[in-house]
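Each of the two complexes below includes chain A, the first together with chain B, the second together with chain C.
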Partner chain A sequence: MKNINLNALKPAALSIVSILFSLITGGIILLIIGKDPLHYFSLLFARGLGTSLGVTETIIKMAPLMIISAGLLSCFSAGLWNIGVEGQFLIGAMLTGWAAPMLSAALPYPIYLIAVLLLGITGGMVWILIPAVLKARADLNEIITTLMMSWVAINLVTWLVKGPINDLATVPAQTKLIPLIYRMPPIPFTRIHIGLIIGLISLLATHWMIKRTTLGYQFRVMLANKKAARHAGMNVARLTVYGLLISGGFAGLAGACDVLAIKGLFQGNWNPQYGMTAIPLVFLARLNGWAVIPLSFFFSFLAVGGEFVARDLDVPAFFVHVLEGMTLLFFAASEYFEK
Partner chain B sequence: MKNKLLIKMIGITKSFTGVVANDDVDFDLHAAEIHSLLGENGAGKTTLMNILAGMYQPDKGTIIAGAQTVQIRSPRDSLKLGIGMVYQHFTLIPNLTVLENLMLGFEGGLFLDLKKAERKLNQISVAYGLSIDPHRMIRELSVAERQRTEILKILYHDSDVLILDEPASVLAPVEAEALYHTLTLLRDAGKSVILITHNLNEALAVSDRITIMKSGRKAAELSGGMLAAMGASAASDKILGLMFGAIPATAPPEVAPVLEDDPLLELKDVAVLNDRGQIGLKHISFGIRKGEIVGITGVSGEDQRLLAEIIGGQKRASAGSLLYCGRDITRLDIASRFELGISHITADRINEGCVLDMALSENSILQSYYRPPFSRYGILNQSRIKSFTDDLIRRFGIRAIGPDAPVRTLSGGNIQKLLLARGLSGRPGLIICNSPTYGLDAKTVRFIQDLLKEESRRGTAVLLITADLDELFSCSNRIGVLFNGEIVGLMDRCHVTAEKVAKLMLGLS
Partner chain C sequence: MNDIFGSALIAAIIASTIRGTTPILLAALGETYAERSGLLNLGIEGMMVAGAFSSFAVALNLNSLFYGFLSAAVVGLTLGLVFGILTITLRVNQIVVGLGLTIFAHSMSSFLHRVIFGNQFPILFGAGGTNEIPVLARIPIIGQAIFNQHWMVYLTFAMVPVLYGLMYKTRFGLRVRAVGETPLAADAAGVNVNRIRYYTILLGGLTASLGGAFMALGDLAFFVPDMIMGRGYIAIVVVMLGQWNPFKVCWGGLLFGFALALTSAMQVAGINISPDFILMLPYLFVIVALLLFTRSTNLPSSLCVPYKRGADGK
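== the complex of A and B ==
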């Protein structure tokens, strides 16, 4: 182990450099719109990492990012591009919000918890099933179909929550509130719910699956050379469905966790758009599960810090999306220069 | 009459990963001539013309057009020099009309002057016998009509040089006649035509000049006048010799007699469709016995690939049946056939046979990853895979840094060795080897041929598909020839001469 070769560190260096470049460019943009970039960034770090509230919030927000990333890892490693994470997330969240209050009355707590999480997973899987089958059968571009299904999901859940699954006792369009005792339990002695642990386990399990199992092996062959996979007799159609179902399932699980742990109900206009963050994140991590952990911490810190600072400095919280987007741009550019 | 020299290619060399496609090739094209580029599949004809058409850049060599040296960096540069190429796979846009396709990249102003374009198209159609309705959509046209449109497109751009890649391969005989007529009209109007073909009769019928290529090198250039003076059969004999090299007169008695046995694999009247949905192979019936090497040759790479794939399972038979060990395997998929002991080593070792960006170790289990000891309950056993790969590297003399090196770092010969090592390691009952030594150096060729012979002595049945007659004759117990999708003649090694095989390959009897 003496010669941990520098080549292995190069990918990490490239990701860090792209993040730095995006922060610098972000600073220039702030200058242009008349804000003090140093003030912005120092406040960003102070609010996001300098207070225990900031750190806790950041860590809590890591859970959905890590769970979604686990799913994206497996489908991206197979060369399948699920861009519609948002839709699968919302369907999982909606099903959880609708079913949890009913199930909580009928089942003992541990079974209830598992049942609800499984329901979220199923929701995400069902939502990606159509794009998966179309891709496997007719080679229809999954980038387009998953994205379109996302829009359908956004509108479907909005409609459902206004009508069929609406809690008529409340004014806003939302499902029944899940009683506090039926929420996701926290990690002992903290305010952080166990979604974080689910996220870590999902991520490392997926990483292991991709590197060490025959399924992951087939995924990687498919990504690197689909022709060779077919020639060797791998069932590319079936692998396509598996890869996409896994990613949809994790997105649904993330939705279930967020509703169970944080929201306590499902609202029609609620859409945290984690997919927008998780997709660049997984690329930046170069499909490495371990690298997703620090990156999801960073992105989650950006989101939390950005929201706090928005109130102080009148820089919209969207600005962190600009930073995220630019990180990906610089990353793509760095890959080009690497060649 | 001496025509003006139009294009001169000097010392063109081009290699791809592990294969030298063109090696120091010269090529001259004169004004107003039909110049055939003749050679077997893989001789480097298409590569040479792709260089002229701007699809590839040569590694070395010069191209002179008119009086000056030119750099052809893209098809656009080539078009500017008046050179246009019709590919085997057409490049027209299906949802546009003939006329709109012709005008693509040629519109000039903001508005399309359809009237003017149509007048020009009509003039060209009439002059060269290329009748077509300019307002029909490409997707409604037959293959012959699409080809006509491709030619019209080049003429519409006022090109003087047309390159046609195996144009007759997609045409019915009558349509081919019409095409040849058009080519003569073009020549008489002062245009030059380069005809890439592996069909000797076609080349003899229309050419003013024939350049023969063999294994990436130019073997000879013959003028049409000279060939006409020789007479048809003498001319084809001469060309045969040039295409296939010195033909051994008698059989070297190197091959062991075949065990009389029931065939291990039997094909019964098998037919298969090609990628375009046309009949690719038909009436294929033969068997392979344990311990024999059946050699199959032919000029068409596609037919050879189809034959290998129908047995390996990559293609399904559209008619007929396949029996392996007496069991019907016609409907079995690739993995089940592999499980029964059928190992298919593809001719496309770079794109299909391996995963260039993965390690040797991961490539060595490409088909057997699901079996112990490589995996158990779906979990890979890394150390066993590595030691297995180490063993392959040692036993087959694969030159690689180690099992963790990406296959991309290997030479073509070593990639082929890896494919063979992998294919043989599972102790298959039948090996299908398609062009196993194509593009490799003499030492590796020898190594691979010895390996196959040794394998057959052990009782393995081998189907050796090759375009190399030396290889065919030195390895096979029986020899068959594919022509036009059928096996014409399957003969015992001792009853056949190379000359006969060469003639069958070209459809001469």
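== the complex of A and C ==
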């Protein structure tokens, strides 16, 4: 313990303080609408972490958050703003839901699983390719283009799932159900699917890539000073495309995992909006892969607990997103105290 | 017969172009000033949702459109002030603050909507409606389309020349532009950089929120949390297309209003394409328009750069 550098703890402390402030402000909001905040938060803990169901659900929900965060780590570390993870997620999920029932019949299980996951990654990458190339070639603001592509994706998947890839045997607009034996396997002795392990590996691999490899070093130079990167002979255009493609690929992978492990099919109106959680999360983690792990656990707990408590206390589950937005604002404010 | 149908369709498209342009243009006009002074406000989307929700909830509960618009104005100014305190006074990252504000304002509106209305989406009777301008409204075809609109539409388009004049013909406008280009020089010349930036972000918050309020009270007469559908971000694109000049911004806004109007006209005309497919088009259109018309080299030099007195200006 004595080797811990106190200065290194300051960032963590600021992130935790931001979360505390947002919980306190959230409590005040609950008071205003006439709910008992202490009751709400104690029930949140009891439902989210007090039962084995809650803990399992919380851990399951960490998988997509960690996978998407891994992608965001790589592009944010290069100063690239992929705000449209929702679109890449949906395209990955849609492709998986469409292709998995066909591939499962044609390929042996392990190859099928890898093929489907790769398909999800490809979907996410394809979806960010246009913003990436436009950013690299024409310097078009990627915040706008990724967001616009996200809206395109939301409408595109709805259209596809109602028509071209619809399972005609069912009434709702959805793809064919993936048979249970072709879902993603669980970690032995648990209900938790291996997406959690994929998430951990993605996260730590990305962290290592950013901190220890040439590519990661070039990303960090780009973040610090794009001109300097260019003068040092780095191919900024190519790095831009790489950084964004990596983040899109991970978002697509998260979509594939959710369809393969949890949903079992793809529905047109399904959009879990993980971006709203993952973006604040990666900032709070200060682009540190290790810090993403406890934070995903916390935000996933909030989401799961929030869903449970919504039914008991009549506090809409949107409240969790309110807390996330406030956390990001308090975190932004805390930046000031670091200067 | 065909002729009458054709002119009716044209009139309908003109009318819906103008109606669709209004919220985007209103938000874009405020953002023009904010960006000119060096502030990129990604919170517009959230401010529009908050304006739409607060105006709708208040108008429904007090049964008064006036209080509805008033509450949207208060909410917009408040959110603008929050953005200002964080980015101007505390000098923290504008992109992070903007995203945080959008997530917060959007989910807060959805949350309060559920708390107040449960799963219901009531309709506000008496909202919408148009104010006909005498004489002009009797011009064939375009008269009814242009001069029989909600009063906010006239207000928005009237603001374009006013804000143009303010930007290019007054000392205040000169200061806004100076503060966005070289705050150090502006400061040396005795301009209070941060105060100017507070003015522009308050204007930006106000117009964004009123743009949302127009959608809820002037156009649709109901509120659903996802009704803004990216219009806040489209407003930012319109500002870029318009090169931070209110008149050009107005043309940019009309371009998108036209794209939206064509989208709905295609649906009404019963062209055999799924509406979900047609709904993608305006967003693709944004990307194409950005690619064709923007030169990022014209950005205000100090966009996204906080100003600190006594620092070396970089």
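Assorted remarks:
Convention: the second predicted complex is superposed on the first by the 336 of 339 C-alpha atoms of A that agree within 3 Å, B and C clash if a C-alpha of one lies under 4 Å from a C-alpha of the other, contacts with A are read in each partner's own complex, and residues count from 1 in each chain.
Just so we're on the same page, contacts are C-beta pairs under 8 Å (C-beta built on N, C-alpha and C of every residue); 3 or more make two chains touch, one makes a residue touch a chain.
Being a predicted model, the structure only gives us computed values, none of them experimental.
Partners chain B and chain C, brought together by superposition on chain A, clash.
Set against each other, chain B and chain C touch different numbers of residues in chain A, with C touching more. In the superposition on chain A, contact is made by A:Glu335 with chain C only, not with chain B. With both structures placed on the common chain, the touch criterion links A:Ile130 to chain C but leaves chain B unconnected.
By the touch criterion stated above, A:Asp139 is placed in contact with chain C alone, chain B being left untouched. In the superposition on chain A, A:Leu168 makes contact with neither chain B nor chain C.
With both structures placed on the common chain, the touch criterion links A:Ala228 to chain B but leaves chain C unconnected. By the touch criterion stated above, A:Leu180 is placed in contact with neither chain B nor chain C.
In the superposition on chain A, A:Ile32 makes contact with neither chain B nor chain C. After superposition on chain A, the stretch of chain C whose C-alpha atoms clash with chain B is 183-191, while the remaining options among 183-191, 201-209, 219-227 or 273-281 stay clear. Within chain A, no residue touches chain B in one complex and chain C in the other. In the complex of the two chains, the chain C residues touching chain A come out as 42, 82, 86, 90-93, 95-97, 99-108, 110-112, 114-115, 229-230, 233, 236-237, 240, 274, 276-277, 279-280, 283-284, 286-287, 290-291, 294, 296.
The residues of chain A lying in touch with chain B in their complex are 212-215, 217-218, 220-221, 224-225, 227-228, 230-235. Of all the residues in chain A, the ones that touch chain C in their complex are 33, 81, 83, 130, 134, 138-141, 143-145, 147-149, 151-152, 155-156, 158-159, 162-163, 276, 279-280, 283, 315-316, 318-319, 321-322, 324-326, 328-329, 331-333, 335-336, 339. Chain B makes touch with chain A in their complex at residues 313-314, 333-335, 337-338, 344, 346, 348, 351-358, 362, 365-367, 369-370, 375, 378-380, 382.
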